[in-house]
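Here come two complexes built around chain A, the first alongside chain B, the second alongside chain C.
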Partner chain A sequence: MGAHISVPMYQRSLPQRYRLVGLKCQKCGKINFPPKGTCKYCRASTEFIEVPLSGKGYVYTYTIIAGGGAPPEFTDQALIQGSYPVAIIQLEEGPRIMAQLVEVEREEIKIGLPVEAVFRRIYEEEGVIRYGYKFRPVVPPCKP
Partner chain B sequence: MPEVAIIGAGQTPYGDFPLKGVKELFAEAYQEALASVDKGLDPNLIQALFLGSLSAGNGFQLGQLAPLLAGHVGLPDIPAVRVENACASGGFALLTAVQAIASGAYDLVMAAGVEKMRDVSSVQSKYWLGISGDTEYERLAGSTFAGIYAAMARRYMEEYGLKKEHLALVAVKNHRNGALNPKAQFRREITLETALKGVEVAYPFNIWDCCSTTDGAAVVIICNAKKAKDFTNRPVKIIGWGAGSDYLAIHDRDSLTSLKAVKNAAQTAYQMAGIKPQDIDFAEVHDCFTIAEILAYADLGFCQEGQAHRLLEEGVTSLEGRLPVNASGGLKAKGHPIGATGIGMACEIFHQLRGEAERKERQIRNGRTALSHNVGGSGGSATVFIYQREGE
Partner chain C sequence: MTMGIQSYGVYLPYLRIKADEYVKAWGACAAGISEKTVPDFDEDSITMSVAAAREILDLTPQATKNIAFLAVASTSFPYVEKATSTTLIQALGLNDNIFTSEHTTSTAAGLEALLAAWRYLETQKEFGKTALITVADAPQARAWDTLEHGLGAGAVAFLLTKENPIAVMEGASSAAQESLGERYRRTGETAVHDLGVREYTSETFLELCRRAAQNLLKELGRSPGDYHYLIVGQHDARLPQTLGRKLGFEEEKIKPGLLYSSIGDTGAASALLSLAHILDQARPEEKILLLAYGSGAKAIALSLKVTAEIADHRPTHTVNYWLERKKYLDYTRYLKVRRQIV
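Our next item is the complex of A and B:
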């Protein structure tokens, strides 16, 4: 199927996809992610400063997309994995975002699971590999 | 403000019609609507067409679909426009038509909807149907509409103790109703066991939690209520209407167990009609996925938030219950030809309120006031209409 997120369109969102850059409202101080033209919280300000988010949060809700039900651009991934989890992540800075979960068994996924952002391959379109954020369970630090 | 009445309504059967395109489907619904006007209607009195359609069949006619179809049925001169809000395209076409009458700008207009979905390959349809959400931030997470509603269902389970069985009860009820509707796409009952065991689509949904793709068209003819008696002694008034919108992406919304667009639309409609949810005798609601009907119960005021699954357990919304919901079979069993859906609901209610259901087993008795509820995508937009027949 033809492209629906063109390369230039994807490029414009690279700060969000590569570095989770949110917009902090200069009036109410809350963070908008993805970016909004007018702050979604105070609905009054259009003045923002860019702030990278920590990528820390927890699973707010989730689904498991079955192989047969995946969008065409994710068919390859679905074929290899059989199915893949998609979650809404509650980020610690306030916003929620939708993203795939990785490095996790189906049985481990539950609402409230602490997760962190990782930089991963999303899909390929127009011959260009698209990278962006996915989330994995928080890995406890290695003990010496 | 002039009152608005429906004087005629028609729809094609919903299903799989390889020999009919959008023109033929629209013409069939239009002719049935004309024929349903008790005292007859001179088509020259129709002043405008408001047509709901998402894509006419994978976008083969990207622009000017409404003038194309008007011309096909001998109305090439009237203003005709396509109205689009994904799965609520029909509802918003009806809203535009109703407002056109209520504003006094027109006396008699047509609201219609059409979709040709079965011509489209499954790859194409997954492409088309997945891009009415927030494409950049939902679709690129690898999600689908089923996945988005499934995530809402999973959250509802967490917050309110909803079980997979409750989702299945919606499918069983609506298939039972669809079995009685000669115009439904799926006219067979399913057991609870079947509904629980389908192929997984997006956990917690299996195939029985999801509506199908459908060909179909629907037309309603509405007019200034003062003139309705020229055409029929049994008009059905639209006594209240409302619409709402919300963030397209569900991650931008505060609640995932309620659709704010629906709540706002319902509140506006009830207020205009001067009635309460308890006054509704039956309803057609947007059950694109089983959870959507469950969300609708509380959003429309039929129960408290989080209590919807109790209504299903108690059979309140079954055909014999106190408040039948989706007597037509709903999107689940009647089918969901996207642009036609919101208009098809108005057709069902028009005929039910006039005691004209095709089979007496599915005729709702003593219904006087009814409601229809049409949702765009996962709740990015919604319309609610309240209908009433005359008499007690």
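Our next item is the complex of A and C:
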């Protein structure tokens, strides 16, 4: 079964989907991602400031979605790739989020693998391309 | 005021296919490539534009707030109607009051975007404003069309400034004339075509590029001997070098900019990816003549001069770095990733 997300709902969440904008609680200082009405950590504040997250983190845990197990919006992807990895990413700033992994061999995926966010097509629905984040192993800078 | 490039960023997809795979599948590879870049199934000209722009803005996040103009270019935008620049504004966190301009319909679009940004900045009196240009392409053709063999993918982004550029833009010149039968893609189609009349289209390419280049040289009072590099958009393996010879440039001035044999035809991004590759290696005071060509047909020439600033503004990842970071696909997998059979 797929999780239908309507265009208006997707539209409202664009800052978090396109560039990982989180909400920093003004009372306890923790970062809520995805954004919440009330801080999910201290449950005592609705005052936040927006903070773009770095997109850096590591694989907290992961699984492989086999072809037959893909939700309908990912049917094309399952046809192309056969199966694909999905991980819980522990972000530098604290939150843990679920995302696909790209540009990684199956045997390279390990708990603790350093990863960074990339901007990709997630799926299409109602003719609209839904862009968002996936994660790839950190691409280190060139050596000078 | 010295108009020019402040910084640049490059992105090449991780996936590659070797010419050998075409030989195995079709008996021959029709393009003069040894391998080429392949966009993954979840990449397009927008995602690659974001990736190239982030190469700049991750290194200098403070630059984001000064961007007053965004120009985007590609022959393969995922939407024919719906703004593309707005996806980048959201993904990069740019100011929501910036002016935008979108360039498409020929492989000259990348350089047109650069010129549009340049002209915009020239009109701005405010100090410190910059313009961002992203150029990305992943042209498609039908799997049974030999035109398909050479088509690659890649992206490049530039930040233009009026103060202390790493490369000064000295002048530009254009040659445009109605020309039929070259590469085209009609509305509603996803595949580019040509009529396979190579001699005829080569003639137009050589003639228009020559006119644009010679007009610019005349305007600037220069000769080929004044330049260290000649960059030509590479949509096949041979024409850029033929053009270079006809213009009177030595082989060693053309070779450093050639990327075709390792990434293929990157459409609107080709000439500017090669510019990034040259900037990776260029030294202060060196001069660059750049030519971009688009079917239909037009040629644009741009003259650049590298400054001493270049030493302090090297990108995090050079073109050579991206060239080395890769994974090979076999032809069947390639057809799936490019959505030819899925």
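Definition applied: the second predicted complex is superposed on the first by the 140 of 144 C-alpha atoms of A that agree within 3 Å, B and C clash if a C-alpha of one lies under 4 Å from a C-alpha of the other, contacts with A are read in each partner's own complex, and residues count from 1 in each chain.
Please note the rule applied: contacts are C-beta pairs under 8 Å (C-beta built on N, C-alpha and C of every residue); 3 or more make two chains touch, one makes a residue touch a chain.
Treat the numbers as computed from the prediction; the structure is a model and nothing was measured.
The superposed arrangement places chain B and chain C next to each other on chain A without a clash.
Looking at the shared chain after the overlay, A:Ile122 reaches both chain B and chain C.
In the superposed model, A:Gln77 makes contact with both chain B and chain C. By the touch criterion defined above, A:His4 lies against chain B but remains apart from chain C after alignment on the C-alpha atoms of chain A. In the superposed model, B is the one of chain B and chain C that contacts more residues of chain A. For the combined arrangement built by superposing the two complexes, chain A sits at the apex of an angle of 150 degrees to chain B and chain C, based on C-alpha centres and given in steps of 10.
Contact with chain B, but none with chain C, is seen for A:Ile111 once the two complexes are overlaid on the shared chain.
Of the two partner chains, neither chain B nor chain C is touched by A:Arg43. In the superposed model, A:Pro34 makes contact with chain B only, not with chain C. By the touch criterion stated above, A:Tyr131 is placed in contact with chain C alone, chain B being left untouched.
Between chain B and chain C, the minimal CA-CA distance in the chain A superposition rounds to 13 Å.
Comparing which residues of chain A touch chain B with which touch chain C, the overlap comprises 77, 122. Those residues of chain A that touch chain B in the shared complex are 1-2, 4-5, 9, 13, 34, 40, 60-66, 68-72, 74, 77, 83-84, 86-88, 95-100, 111, 122-123, 130, 132.
Remark: chain B residues 123-124, 126-127, 130-131, 135-144, 146-148, 150-152, 154-155, 158, 199-205, 247, 249-252, 256 touch chain A in the complex. Those residues of chain C that touch chain A in the shared complex are 14, 40-44, 46-47, 50-51, 54, 78-79, 87, 90-93, 314-318, 321, 325, 327, 336-337, 339, 342.
Chain A makes touch with chain C in their complex at residues 14-15, 18-19, 21, 52, 76-77, 79-81, 102-103, 118-122, 129, 131, 134, 139, 141-142, 144.
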